[in-house]
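Listed next: structures, encoded as structure tokens.
The two complexes that follow have chain A in common; it is paired with chain B in the first and with chain C in the second.
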Partner chain A sequence: MRSGFAIFDHAQFRHYAKQITDMSVEARERRQPWILLSAPLGAVTLLLLVPLVFIVIYSFWLRSAVGPDIAGFHPDNWQRALTDPFYRYILFNTLKIAAITTFFCALLGYPAAYFITRSSGNKLILLLLLMLPFWISYIIRTMSWINILGSSGALNTLLLSTGVISSPIQMLYNEATVILGLVHFLLPFMVLNIYVSLDGIDTNLEDAATSLGATRWQSFLQVTLPLSLPGLAAGGLLCFVLGAGTYITPLILGGPRDAMFANLVFEAIITQLNWPMGSALSLLLLLVLGALVAVYNRFLGMSQLTKGLG
Partner chain B sequence: MDNTKRYERLLERYRNGDLDRRSFLGLIGAAGVAYGVQTPFARMAFAQDVTQVRFDGWGGVVSEAFRRHAFDPYTAATGINVVDGTFSGGDEYLAQVRSSQEGEYNIAHLSGVFDYARYVNFGLDVALNIENIPNMELVMDALTNAFRGITPDHLSAVPYNYGTTGLAYNRAYISDEEIREKGASILIDPEYQGKIGGWSDWRTRLWYAALQTGQSPNDIQDMEAAWDAIRAHRDLALKYWGSGAELMSLLAEEEIYVTEGWSGRIAALQEQGHDIGYYDAPNSFGWQECLFVIKGSPVEACEELLNFMLAPETSIAVAEGQNYPPALDGSKVDLGSKIPTLPAYDPSGTLEALTFADPVYWNGNEAEWSETFARVQRGF
Partner chain C sequence: MGWAAIRAYTVLVYLFMFLPVAVVVLLSFNQNQFGSFPMTGVSLRWFEALWNNDAVMRAFRTSLILGLLTALISTTLGVLASLALVRYNVPGKNLITTILIAPILVPEVVLAVALLLFLNWLGIGKSFALLLAGHVIFTLPFVILVVQARLVSIRRDVEEAALSLGASPVQTFFSVTLPLLMPAVAAGALFAFTISFDDITGTLFWKPGGVETVPTQIFSMLRNSISPEINALGTVMIVITVGLPLLGAAIVRSIAMKRGM
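Moving on to the complex of A and B:
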């Protein structure tokens, strides 16, 4: 009697063995990215998604007058965050300040990036100088404006000593100084993004435009600027999102009325100990900025952003 | 009773004939089995022996004084290390404590009786055995009674120092006579528009609004008038300051000429040579600070440390460092030469000259008023 194993001849055995080997290679190849991604995915899950879930849950709790928060599903915080004109006003003001900051960053950042791209030889030094402010604490950089613009700061002292003014000018603690502080903080992000974009443009294109009769200004406007727009947009998005999420700058350089949405989140959580409302407000800001990023991604894609960050 | 004592008693009963040999050996055997079974778990219990106590305070000279006069001698006497942490604000610290595990934070240098009440409301208090803190005998009763009003059957903190939030003004621009004449209303005087400051703390803003509208800070009847006073101050003020360092900087740099300020910080400015005056208007904001033991802490170890911290040499050194009078009763302890000169110092030991915030009143309205202030501050 022949055993069941003997029904396969050698050729069939090799065929099945190859299939199994091929499958295992395919399966391994399929698994490999997940194995490599497991650590970052784990980190993102633990450090971002899980806390986010906690914040979502918290946003539906209620603060009690004294003592612990009241757990449950209460839409009250969301209702207030979405319908209260106070939160709407601060949110629009935040978006306005972020937009003005982004505009000034673009205005100042483009010429700087263009200069760095076109400079020959000292490009690395210029890039290093651009990165230099990142080595100093953001808070210290922001506070430095007090020593420059304060009543007894460098600028007032200079103007007084040269006789231009007879008494110090009040320059600090208003919305303009908040925007100034934000531009100071965010400008390098804009310059880097535009630089990456400009650096990737083939200079022969400008030469070609010039050889076809375009002036240097025309070749810039019709060739260089359109090609660098993705970098400008990426820098704009970064500046806008980072600017809209800040609370330190208005705290240091703002007056009594000056506040951005993140200040409300800080106050709700830290000063008022109203974690549920603070959670709802922080999620609202996240949703608004997330929507902006989604719109950007729909029309320009995220690849330009990662180039700039890289 | 320790195990050795238990065995000795058992042996004594056996020798006296109260216990037969079989029962004696049975109990010894059972004790042996019980010890063998619990030994692996006992290691974990040993790991919980008190090896350190965490103290959180305001940092700077206060921390240095605590380290030199209290923490190091305490460690030498007990073998328990003191981990010294700092925080920049009481609200921020409470948020940290609430999100921590029990026992992570032990003793905190907290502000105000309302902070004591808040911690009690969150169930973060413990019951201290005052007999383990002999130096409490030297503390003013007026300060301790404020805490007993909140927890009549126990104390979770010991008073440590007190001060006021009074009017600070630049003498180059505002005379002593003017500040006495105008009092708290100088903070809403249009003459000083753009040169007025204020603490971004809702309690202080409302307290001064009550004074400006002629009301009792502990019983504000016309809230709308008080909010209007805050709006008037907001529109005249250059800046709301958020820390003692910022307060000192704004006054020293002459960015502002007048603000309410913390007595100790103004004394520090005066020590530095700045011509800054300090005036406690009638019903000026008095407050006290305490050393609060947080739930989950090793209470006995904390009590011993509190006793070290309340010792006169430590209390006086800290008080001289931070320019706030200590909680020690001047009639029972010689406080030296500097402390009687500090702003807010009360030689009577009764503190009747100071007005403290009623914790029940202020904490009961905290939720509503802190949110309303956030709106009023932004123009609403």
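Moving on to the complex of A and C:
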């Protein structure tokens, strides 16, 4: 028995031992990131991915007037979500509001972003100010417009005291104020994205165009503007998607007829407790906005978006 | 368009962004009993009313606890994920990143519905636990983006030096990487706290009846009428969510300067 041990001479043993530890170091190296990732990936899987799959299934269930929802495969909710003219009207209206909002964000945001990029001294302060709204509560910023446009708000008070009007005019609670609130909420996203894009453009390019005889306006239109389009597109996508997914702004600044699609979801889930229908409606919203993101991703890629977020 | 015109335009855009908020702060100090224009004098009566309003104070405590727990959990998860993604060669890195960022790619309403229905099915109904789970999941991407960006700029050699001198990976993390990463960890935590503290879209879906956070409390107060108390509450929120990051930045800077000397 003892002689059996002699087969493993010392040098060879060390060799094997080293191989084993090398292997385990390598295996550890390979295992370690997964240990680190297990908690965060597990959380996102359990709290987002699985729930999304779950509501796909749930959207084919049926609500019963008494007792729990009826499991099974019933296309009824989807049929209603896709064919009901009221839902279709709200969906169209939501996309319209989001589009107008995005347009105004671009209109207000582009010149401001351009100014910040090219201004010399106070760039840092302007940028800090631009970041500030991200830290100010969304609901505060939304309701702040009631102080301005309400019947006893700043504007009515001013008009009354100057005698332009004799009684307060109703300016709030319509589609225009919903759009106003959304533009106010989303403008910083637009400006920031355009700024990131403009800041990355070599100013020599514009100078080169000017030195070759282009006017400032021409060099802007033909050099700077096209180069900044990715930022404009990223900002536009963010504004559109965030705008189309909101239900708080219409509740605070809109009238009873200014519901957006997310309001339908909220109504179905919270007020009517029709969870299968709510699932179908929220998935429809996800599909429509997801299609938009997919088109964007196909042509421009996601990297521009994370650049603006980071 | 001349430069002066662009400047004037930008000033107007900034005014558009800040004037309404400035009016909120201004009106919160209004003495007028209806809290509307014209201002009749400066007073702190609305802040006093807030202090004595039990519902508001309860909402504050809820928001504070929720925000702190969210920041703690979300930052821990975010640091783990960032370490794995930046420091190791993980196969399928792009897919993993996309999955981890997914909570901000999905509209918050959809995320709120999915989480509510699924956890309810598992037996966790509308509760503080559900609120916390929701807040963690949609603040996580922001923490990861902030921490990752910083981690990329910390040179690997410093960690390798520690490792080659015999420190274990865990020791290396706590005595080398984490101190260098601290500004980003703090920024990520603050970010998570502020987002949680501000959130209303998901919170309205997840909160149990009778429990209010500050934003949902403001929302239900708005249902009645706009009172100067809401403006005062808004001012307090602005001070917290804007003041806290500024304070944090100042502290980080002063620590960095001490180290520098």
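Going forward, the second predicted complex is superposed on the first by the 268 of 310 C-alpha atoms of A that agree within 3 Å, B and C clash if a C-alpha of one lies under 4 Å from a C-alpha of the other, contacts with A are read in each partner's own complex, and residues count from 1 in each chain.
The working rule: contacts are C-beta pairs under 8 Å (C-beta built on N, C-alpha and C of every residue); 3 or more make two chains touch, one makes a residue touch a chain.
Owing to the predicted nature of the structure, the values given are computational and were not obtained by experimental measurement.
J.: With chain A superposed, do chain B and chain C clash or fit?
T.: Once both complexes are aligned on chain A, chain B and chain C clash.
J.: Looking at the overlay, does A:Ile269 come into contact with chain B only (first), chain C only (second), both, or neither?
T.: both
J.: For A:Pro256, select first, second, both or neither according to whether it touches chain B, chain C, the two together, or no partner.
T.: First partner only, chain B.
J.: Looking at the overlay, does A:Asp199 come into contact with chain B only (first), chain C only (second), both, or neither?
T.: Neither partner.
J.: If we overlay the two complexes on their shared chain A, which of chain B and chain C does A:Glu175 touch? Say first, second, both or neither.
T.: A:Glu175: touches no partner chain.
J.: Is A:Val241 in contact with chain B, with chain C, with both, or with neither (first, second, both, neither)?
T.: second
J.: Just checking: does A:Ser152 make contact with chain B only, chain C only, both, or neither of them? Give me first, second, both or neither.
T.: both
J.: Please work out whether A:Pro51 is in contact with chain B alone, chain C alone, both, or neither, and reply first, second, both or neither.
T.: second
J.: Where does A:Leu285 make contact in the superposed view: on chain B (first), on chain C (second), on both, or on neither?
T.: second
J.: On chain A, which partner touches more residues: chain B or chain C?
T.: C
J.: Return first, second, both or neither, reflecting whether A:Pro33 touches chain B, chain C, both chains, or no partner chain.
T.: A:Pro33 sits against chain C, while chain B stays out of touch.
J.: Chain B has the stretches 134-142, 224-232 or 242-250; which one runs into chain C?
T.: 242-250
J.: Looking at chain A, which of its residues have contacts with both chain B and chain C?
T.: In the superposed arrangement, which is not itself an observed complex, chain A uses residues 146, 150, 152, 251, 269-270, 275 for both chain B and chain C.
J.: For the complex, give me every residue of chain A touching chain B.
T.: Within the complex, chain A contacts chain B at residues 63, 65-68, 86, 89-90, 146, 150-152, 170, 172-173, 251, 255-257, 259, 264, 267, 269-275.
J.: Where on chain C is chain A touching in the complex?
T.: Touch list, chain C to chain A: 1, 6-7, 9-10, 13-14, 16-21, 23-24, 27, 34, 36-38, 76-78, 80-81, 83-85, 87-88, 90, 96, 98-111, 113-119, 121, 133-134, 136-137, 140, 144-146, 149, 169, 194, 197-198, 200-201, 204-205, 215, 218-219, 222, 226, 230-231, 234, 237-238, 241-242, 245.
J.: Spell out the residues on chain B that touch chain A in their complex, using ranges where they run on.
T.: Those residues of chain B that touch chain A are 89, 91-92, 94-95, 98, 118, 121-123, 194, 198, 200, 202, 234, 237-240, 242, 249, 253-255, 363-364, 366-367, 370-371, 374-375, 377-380.
J.: In the complex of these two chains, what residues of chain A are touching chain C?
T.: 29, 32-34, 36-37, 39-41, 43-45, 47-52, 54-55, 58, 108-109, 111-112, 114-116, 119, 126, 129, 132-133, 135-141, 143-148, 150, 152-154, 157, 161, 184, 187-188, 191, 217, 241, 244-248, 251-252, 262, 265-266, 269-270, 275, 278-279, 282-283, 285-286, 289, 293, 302, 306, 309-310
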